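Input: structures, listed below.
Heads up, the next two complexes both have subunit A, just with different partners, subunit B and then subunit C.
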Partner chain A sequence: MRITTLLASAAIALGLVTAAVAEDTTKVGFVYVGPVGDGGWTFTHDQARQAVEAEFGDAVETVFVESVAEGPDAERVLTQMALDGADLIFTTSFGYMDATNNVAAKFPDVKFEHATGYKRLHPNVSTYSARFYEGRAVQGHIAGNMTESNIIGYIASYPIPEVIRGINSAYLHASKVNPDVEFKIIWVYTWFDPAKEADAAKTLIDQGADVILQHTDSTAPHAAAQEAGNVVTFGQASDMSAYAPFPRVSAILDEWGDYYIARTRAVMDGTWESVDTWHGIGDGMVGIGEITDAVPANVAEEAMAMKAALADGSYHAFTGPINKQDGSAWLAEGEVADDGTLAGMNFYVEGITGEIPQ
Partner chain B sequence: MIRLEKRPQPSTVFAYATPVLAVLATFFFGGVLFALLGKDPVQSIVTIFWEPLFGEFAFFYRPQLLVKGAPLVLIAIGLSLGFKAGIWNIGAEGQYIMGALFGAGVGLAFYPAESALIFPAMILAGAFGGWVWAIIPALLKVRFGTNEILVSLMLVYVAEQFLASMSLGLLKNPEGFGFPGSRNLQQYASAHNAEIFAGSGMHWGVVAAMIAVIFAYVLLARHKLGFAIRVTGEAPRAARFSGVNPSRLILFCLGMSGLLAGLAGLFEVSGPAGQVSIDFNVGYGFTAIIVAFLGRLHPIGIVLAGLLMALTYIGGDIAQSQLGLPAAAIQVFQGMLLFFLLALDLLTNYRLRFGQAEVA
Partner chain C sequence: MDLSVINPILLIAALMSAATPILLAATGELVVERAGVLNLGVEGMMIVGAICGFAIAVESGSPLFGFFAAAVGGALLSLLFAFLTQVTLANQVASGLALTLFGLGLSALIGQSYVGIKPPRLPDLNFGLLGDVPIIGPVLFSHNLILYFGLALVAAVWAMLKYTRVGLVLRAVGENHDAAHALGYKVVRIRTLAIMFGGACAGMGGAYISLIRVPQWTEGMTAGVGWIALALVVFASWKPWRVLLGAYLFGGITQLQLNLQGAGVAIPVEYLAMSPYVITIVVLVILSADKSAAPGSLGRTFHASN
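After this line comes the complex of A and B, so read on.
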């Protein structure tokens, strides 16, 4: 009898303590599709997680699970985080979309933030993404100037709007400064596979490319370019500065930190609402990595000017006249693309050869 | 000096003791690994093995064991039949994909019609898809003597290309804003492999796995075909003298393992996963090879091994989030389990002798 009472009061005391702790700290969970050491996509999300920790100190506890497969595994990990008392969960891959919404339905008090998706079926789900195509415009400008063979290789991951948008933006700005430029595109069907990426880079170099752009996350293409010699590369997602000043001459940076801090603060203040965020250079979600001395000074200056114009909104990366690949008109002179078309982009612009795989 | 000496008879004691010893050795060396990473080893192992079964949220994790374990067991049962007879199907991952594609394809073809016949049709299509993908290496082996290990493995990559093509083309969700991936079958009642009792984790794939286990047990223990499988694996020459037709055995073993892998894919795509997407396959077909061997190619052993692997996956994810263990450490831990099992297996057939070798 006494033991039961003792245990019961201990349990209550423990419960109170746990509740008190839970009151004080905000728990933020992160679900990653790759390893935190991928040096690209997941790495930048994890950097942002650390920025959240640095910003709030003991007021926030962060947890993460890496290399979570899309589908039932993601759903299980999300549920587990919610059960463990997370207040806010960032799900950082497109393929987590249905899992995020399914779990959000079961935990209405937990806030969910899904990267790159479009489904917000519940009031506790937000989506966010970055306008990487703005970075691609700057990259295309540098690439068009740097190529001597006029062949630019492009390592593409999956034929989804995000990637197609990047190819179009880079091509438009490369061909603007160099009308003879030709894009050779290899689809590798992976976001992160150093071996496949290296093979793709070597193939492109063999086909005469002297600039390699990548929409995959490893540094393998940089290593391949370094080995080949005279080939230019760009960092993807993270700076990849280990390969600077050459072959890596600049980079597109994913900067999630400010957004994660703002959303965490909103949960702490009780002001969190479901939103759809699509930020670019201007809001600091997309950055341009340092342009090295390997790039001529005037080109670097033009690139920085373009970055500034994209940031203050005076220039849009998709400004007409632009035709589609089949020659039909898309944007008239001076017209800019609307977000709806950009979000679902499934066509090449005029001048790109080859077909989008189906 | 330690020597190995072959036992005249394989030791029955060690045949049963090695899995237990392997698990204990994994606990020990895994604990050392976790300690080196600066984590409390006891707490880490408790989190991985205890938390999902008896922890605070066991009500959620126990059903997940079935969700994670069912495809592993279903595939491993099929593989074990061939492995027993020395027929090596390494391409279950591809058969799993093709089963899912055929099954989901049939379901999506009927969208949005509702009928009780759709799901059974999908099951048949899924089984057929997996069977076809496995019968290719079987026919090539029977007809031209090709190596089924290579052919079945290479067909995995072909299947992955099909999967990507289907996700981006034919089966793409027309309402998906151009993003890859099919409609979600969880939102299509007639095609949804729903839980039989809500919250139990019991979907039709779990039922199929149970039936497959019983079927395999009876086949191996009681049926003439089971005898043919066993004798072919243990003594191929004797098998031929006793009238076993090797070609038919190859066609049966590969076909059956493909069929079961295809079913696993169908039940996964129509249930827990819900949709055809480029990254639909997560390695069940390869992990099932480990499960088959961990379970000593015995139906009951495979059930236990499948649940144990599922446990390490689920517990591993919990340990990542609660203790900050890196995913790679969990994978090493899983690898240790197989390593120690195979290493200690030696003791079934050999014994250790200490001291000098006697001069003959």
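After this line comes the complex of A and C, so read on.
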């Protein structure tokens, strides 16, 4: 009896101590879909996590769990993180959408930030994403100019609006400078599997593609392109400059640092609110990696001009006239796409062959 | 749809390359399981082999030396599993899972300074005139040494299990370790050697991914191949030639579905994406209708006092 009392009071005392420590530091958790060393998507999120640590020093403690499968396993990891005292949790893949909302319902005091999703079922859930399609527009412009076989291979991950937007944006701008261009799209149903990504890249190259665009996270397609020789690639999410100046001629960069710092500060100040953030080149969430000398100077200049126009808002990547794949009108001359349609985009634009897996 | 863009010769050549990592790892695991040990750490040993092979190939400039190092790395890691399960009699399933987690972490640590480096290339073997034979030449005689090594390994393991005394002893240990022990065979020693053989094969399989199939190092790059190899051993009813068939079927259909997608075939992509798994399982399940059973002592802990 005595010993139980002793243990109980010790436990309470310990609880008080940890609670006191927790008061001082804000704990920020990150859940990643791939390893931090993937060289792409997860790598950029982890860079941003380190930026948060650098900004706040000892006032913030960050934790992360990498290679978390989308689905039920994510819910387990999120619950554990919340139980361990996280104040703010960033879930950095589309497939964590339901898991994030489910766990958020159980922990109303913990703030959740879900990347690239659209569900905010609880007041403690925010969503954020970047307008990657603006980067895809610049990429499409370069790709359309660079291809000689007029076949551009596209390694697509999952048929979700974000990926489809990217394909449409790249195609529109590639076909604008090169009307003969054809897109070959392979869905690999993974965000990260270097062997599969390399196989997909090789298949596309075997089938005549001389430009490879990817919406997967590893640098494997660059290695395949380098091996094949005369094939152009673009960095995805991070700069992937190890493959510059060729095959990697430019890149779409994800810049999450500023956002993560701002949101962490909001939690510390108590000003955090559920919001939906969708920032592009103008707000600095999307960047364009250095365009190498392998790209003709005039093409690089046009690309940078397009980047500037996208940044100041004078040009929208989806500006009419644009028809849907079946030929029906979508945007009239000069009309720009609204965010609602873009966020739920589930159709190809006119000119792309093949069907979107449903 | 335009099927003419698919070059069957390139397709078959790609299939053989894609199947080799699974084939190597599964053949090694087959020997381990025939000795009565279930090592779920294949994925961990593969990824450690991938980085050991990559690092040594880059440092020494010799891809073959890299493969050798990968085999050593995989075998060393498997020795940890052997110690846990054969000496301290730990649970095999838990130890195997721990080995995978440990291998993933260890490889990430070793690999930090190898990101973005291009490894030396292992040249394809030159068969002289044979390589110039139409169709057969590019399909059969245009590969690197390790791919042929994988095929030879299957044949060697098959012959070893079926015709040699060593194979007989190995199978005896796997079927009934108490009986083998009573006959005077060193169960723990034989199993440890089998585990190391499995580790070496898995390591080479991993190095095939990092040195040949992708040529680069990326953390976690095996991305589940080890688990496929494990499943393949079971579906192949612990028979070497069926492992070969399963690996080539899986690799082949994976390549074919990518090609069909590129060619714009009007089959829904979801079906194409799942086809390698479904077809491989169906074929091997039909083949295993002969009621081949798992080794009798598979997964059971052995201690001489039992």
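To be clear about the criterion, the second predicted complex is superposed on the first by the 341 of 358 C-alpha atoms of A that agree within 3 Å, B and C clash if a C-alpha of one lies under 4 Å from a C-alpha of the other, contacts with A are read in each partner's own complex, and residues count from 1 in each chain.
Operating definition for what follows: a residue touches a chain if its C-beta (ideal position, glycine included) is under 8 Å from a C-beta of that chain, and two chains touch if they have at least 3 such contacts.
From a predicted model like this one, the values you see are computed outputs, not experimental measurements.
Partners subunit B and subunit C clash in the overlay (superposition on subunit A). Shared-chain residue A:Pro35: touches subunit B and subunit C both. In the superposition on chain A, A:Ala308 makes contact with neither subunit B nor subunit C.
When the shared chain is aligned, subunit B and subunit C each come close enough to touch A:Ser67. Touch criterion met: A:Tyr118 reaches subunit B, while subunit C stays clear of it.
Of the two partner chains placed around the shared chain by superposition, neither subunit B nor subunit C is touched by A:Ala105. Taking the listed stretches 151-159, 169-177, 205-213 or 313-321 of subunit B in turn, the superposition on chain A shows a clash with subunit C for 151-159 alone. 35-36, 67, 159, 189, 357-358 are the residues of subunit A that lie in the contact sets of both subunit B and subunit C, per the superposition on chain A. For subunit A in complex with subunit C, the residues that touch the partner chain are 34-39, 67, 153, 159, 184-190, 192-196, 198-200, 202-204, 206-208, 218-220, 222-224, 226-227, 242-243, 353-355, 357-358.
Subunit B meets subunit A in the complex at residues 56-57, 60-61, 64, 67-68, 160, 164-165, 168-169, 177-181, 184, 186, 268, 272-275, 277-280, 282, 313-314, 317-318, 320-322, 324, 326-328. The touching residues of subunit C, when paired with subunit A in their complex, are 5-7, 10, 14, 18, 21, 104, 108, 111-112, 115-118, 209, 213-216, 218-225, 254-255, 258-259, 261-264, 266, 268-270, 273.
Considering their complex, residues 29, 35-36, 63-73, 75-77, 79-81, 83-84, 94-95, 98, 118, 158-161, 189, 343-346, 357-358 of subunit A touch subunit B.
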